[in-house]
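Structure in structure tokens, see below.
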Amino acid sequence: MKIFNVKKEIIENKKVSADCYKMTFESKEIACRVKPGQFLHIKCSDTYDPLLRRPISIHSIKNNVIGILYKVVGRGTGLLSKKTSGDPIDVIGPLGNGFDYQLLANCQLPILVGGGIGIAPLYFLAQRLTEQCSNITVLIGASNKCNILCIDEFKKLDCKVKVSTDDGSDGINGTVVDLLKKELVPENSKLKTQNLKLKIFTCGPVPMLRQVHQLVSKYNVSSQVSLERQMACGIGACMGCTIKTQNHPESLRDKTQNYKQVCKDGPVFDIKEIVWEDI
Amino acid sequence: MKIFNVKKEIIENKKVSADCYKMTFESKEIACRVKPGQFLHIKCSDTYDPLLRRPISIHSIKNNVIGILYKVVGRGTGLLSKKTSGDPIDVIGPLGNGFDYQLLANCQLPILVGGGIGIAPLYFLAQRLTEQCSNITVLIGASNKCNILCIDEFKKLDCKVKVSTDDGSDGINGTVVDLLKKELVPENSKLKTQNLKLKIFTCGPVPMLRQVHQLVSKYNVSSQVSLERQMACGIGACMGCTIKTQNHPESLRDKTQNYKQVCKDGPVFDIKEIVWEDI
Amino acid sequence: MKHISLDINIAGIKMKNPVIAASGTFGYGLEYSQLIDINFFGAIVTKTITLEPRIGNPQPRIVEVASGMLNSIGLQNPGAKVFIEEKLPKLKGYGVPIIANISGSKEAEFVKLADLLKDMGLSGLELNISCPNVEHAGLFAQDADTTYKLVRKVRKVTSLPLIVKLTPNVTDITLIARASEDAGADAISLINTLIGMSIDIQTKMPKLANVIGGLSGPAVKPVALRMVYEVSKKVRIPVIGMGGIMTSEDSIEFLLAGASAVAIGTANFVNPNTCCEIIEGIKTYMKANSFNKISDITGKLK
Amino acid sequence: MKHISLDINIAGIKMKNPVIAASGTFGYGLEYSQLIDINFFGAIVTKTITLEPRIGNPQPRIVEVASGMLNSIGLQNPGAKVFIEEKLPKLKGYGVPIIANISGSKEAEFVKLADLLKDMGLSGLELNISCPNVEHAGLFAQDADTTYKLVRKVRKVTSLPLIVKLTPNVTDITLIARASEDAGADAISLINTLIGMSIDIQTKMPKLANVIGGLSGPAVKPVALRMVYEVSKKVRIPVIGMGGIMTSEDSIEFLLAGASAVAIGTANFVNPNTCCEIIEGIKTYMKANSFNKISDITGKLK
């Protein structure tokens, strides 16, 4: 697969919540190849401090305009947030494998489960899913009302949106896993009679993903998860971002096969593939 | 003497020639204590790259507004030039000793000799000299017409301004040392009969200063020179910026007395004090 | 105007320019081929290969520090068999000399591996006797005698150009370089990473699961450059300089200090186009300074 | 709520906090007193003093590098006599323990100087056996035996708290630290600067007139931290950690790694207020983590 290092001008970089920003720029090369779940490796500084690029998922594609949604957590994202329209931006992408979102005709119902900034890649996924179906459910978890992201955007795509907040300031009082539980338990029997299958796509902090894993294991629902790791190269060369996965058939010959690279083999994995105790 | 580390907002930072900028900010603490020839130690970046501060002379004082005039030559000054009005600036000052510009009543005629960006500290000196006399001559040397700095400002102070350019695009075709030669040779006899003494203040690149030194030694004219050195602390603590000076009477007891610190004992020296072969 | 040539011949390895991809930062060459034309390189050194597959160290393995990074990959690699059967055939399709970087925890492993790799169409072998991310009491390259013995044994089983890669974590690197030369090395690579550490003050735990890791990037450049300068004055075999090279200016510093070629590691992560830019930059510098060949620059420090 | 105390006692030197001004970066303490209140410091270590005045190395002596600087000051100092007669009386006026840092090119010079300084009201002596900017074959602190002998002799002539400052330019710093402890040192300071170099590719000359110089600043922090961690596990005497400390977070990393106090060098140049900010930052951290005294942090790495 072809990967590009493009240097573009920022179209817009605007604050969308207390600590999140949305940035857009145009790149035909990337836009016409990228799949939901793939990410970009972004240079945040022209100096050696900070030195490394930062991985950020693709949040939206509209024509050739690429959108990213990011949270300011440290120096790299801090510098990114200071850039303004017209400033240059240097990105490498598209990177990683992306979600496998081909639905089996009408018999699969997608549920998108995003915790915090984990919602970022799911919006682009929803954009693409609407081309196939109209039954998308989006579960958004946030610490409080002010930090809920993308709710209007998802509604505009006609998604069924449900919200949870840790402090109950909006939606249900609880976590996005509580929301998911509700989708799974009662519906499950209904769906079965209609011969429908849920398909879950999730991204968020590790503790949340671990709970999602427990839940979907219990109900045996097909789930894909987008993971994060500290990255250096982002392209599969440095072995910095490995993750332990379930035993690979080849692992007798080559035990390294049990370790995958989040940047290249991921960031999206089948939730069952990951050895969750090892994260 | 009291030194301050002030954090202020930039009032203005504007381009004044192809590669020079003038920045202003307000600091009462510094403004009410500073002498011409003193400098500031300026933080150009919030990151560790570049790490050290950059020494820049005080170019002008108006009420409590401090002006600096700087040339973009590398990363530090490059970053400085990108700052805009309202951005924070972190400076330490006033540092160094400054010019000794008390004139002996009316019997001393000041000549200010600036090569390139070396003109920067001389404007502030001219501001202060006008309080004492009205006979200031300013010699400005530049590579070409577009790089001549401050000509109007000096004229507004009623200084007699003469210009040289390396390519003859303005003023005389030659260097500022050629200009100075003209001031010294013919005038010298005239001045003597009037019992007037020239007093030279100069700043610029080392090859130019060396020539000024030769010239003024020949005519035995009192001259002060502002020098540059790579600096770390700027305050006299690190011994990074030493310069060899003529034998000190104490040097038998302590030979380090022959070495002065440009940041603390300078940057202004009597031109005769410097061992020019050693620079 | 004379013809400017960037060709070099290091220890019998013919390269079209002196810019090499450093071990461990370029995988097996194939990953970056989706993004850049790897035919531009003077040579490619593979990620370290060991006899048996290694799963490497636990996560996290990477942490950024001021002007650099720490890594504790721990030589994760699929082992010699997979390398020979799967990686190498693809790599040989490129028009670039391939240098296999090998390591082991015992002398015998190096020897066996060198023997295994001798007729595989490789352009050279680099002995990584300096990886800080594996457990044994001290690195081979921290002791001149140990280095001498190891290199001597490997030398006996292979006629491939033999490059020995040294660690900067020593009192006097020239002693280790001399020992390598005496034992029959054809070239010296330096530096591998400096051993460092970083702590998360909130969790009170080391940021790397392995506690310590190897420091690379611009932060180490002054140390690397000094060591290249010291070593190149003491050995007659060529020195491949590396450590924090980000630009052609950095590369030229290493050449002036005495390196015959340079290798680029961490910079690939930051700017995958670094090597191409360096090649162009060296060319421009040669033109401006009337240098016709790389050896005109090597060691020309005044 | 319990009372938080930053007091420490290092080798008999009572400090009101563990933040020390590092040798060579704070002059004789007086320069910075025009700008900051130096009474805040836990202690001040003077610029290295030698028996005779030294004019130091030629210019340029300083060059900036990525996240750090190289210096080749070469121990310029006015000598013991001027120090005792002019500098010390002023310094003693402050309410801060003064530690004199001393050096020499021969063992005998150290001994003589230590003897001279023993009844001068100093709080301690730091032996700089690790300055890379003076010429002799290797630094004292690059060899355990040499270190042992030197420290032993100095120990005999002074009952002042004796701190030995080590160089990071060694294969195994724990050996040198152990030798110092065995010889009677009361504390260990580390690290001095890493030896580095930088080249001007236009003039083709080293950027420092002395060719090599000492690397300091954030670039060296990972190496310094690792060495503090290693050494503090191997010696019983306290370790003073330094190398690239810019913030209270950095300081706390050193404490967690095993340091009993920290010293601040290059950071003073960048932000003269660093030490005060660090003291405040450590206090805040202690509150948040329910630590009551500095020794609650020291070595608490999980």
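Order of writing sets the chain letters: A, B, C and D. Residues in each chain are counted from 1.
By our rule, a contact is a pair of C-beta atoms (placed from the backbone, for glycine too) under 8 Å apart; a residue touches a chain by one contact, two chains touch by 3 or more.
Computed from a prediction, not measured in an experiment: that's the story for all the values here.
> Given the two chain pairs A-D and A-C, which is bridged by the higher number of C-beta pairs in contact?
Spelling it out, more C-beta pairs touch across A-C than across the other pair.
> What is the distance, in whole Å, between the centres of chain B and chain C, each centre taken as the mean of its C-alpha atoms?
Distance between chain centres, rounded to whole Å: 48 Å.
> When the centre of a chain is set as the mean of its C-alpha atoms, what distance in Å lies between chain C and chain D?
Each chain reduced to its C-alpha mean, chain C and chain D end up 34 Å apart.
> For chain A and chain C, what's the span in angstrom between their mean Cα positions?
Roughly 36 Å separates the two chain centres.
> Among the residues of chain B, pick out those that touch two or more other chains and give their numbers.
48-50
> Using the touch rule from the top of the page, what residues of chain C touch 2 or more other chains?
Residues 66-68, 217-218 of chain C each touch two or more of the other chains.
> Once you've mapped the touching chain pairs, tell me: line, ring, star, complete or other?
Looks like everything touches everything, fully connected.
> Mind pulling up the chain B residues that touch chain A in the complex?
45, 47-50, 75
> Which of the residues in chain A come into contact with chain D in the complex?
That would be residues 48-49 of chain A.
> For the complex, which residues does chain C have touching chain B?
Interface residues on the chain C side: 66-67, 218.
> Taking the complex as given, what residues does chain C use to touch chain A?
Against chain A, chain C makes touches at 24-27, 31-32, 34-36, 47, 53-56, 59-64, 66-69, 71, 73, 76-79, 81-82, 217-218, 246, 266, 268-273.
> Which of the residues in chain D end up touching chain C in this complex?
That would be residues 65-68, 70, 138, 142, 169-172, 194-199, 201, 203-206, 211-212, 215, 217-223, 225-226, 229, 244, 249, 252-253, 256-257, 285, 300-302 of chain D.
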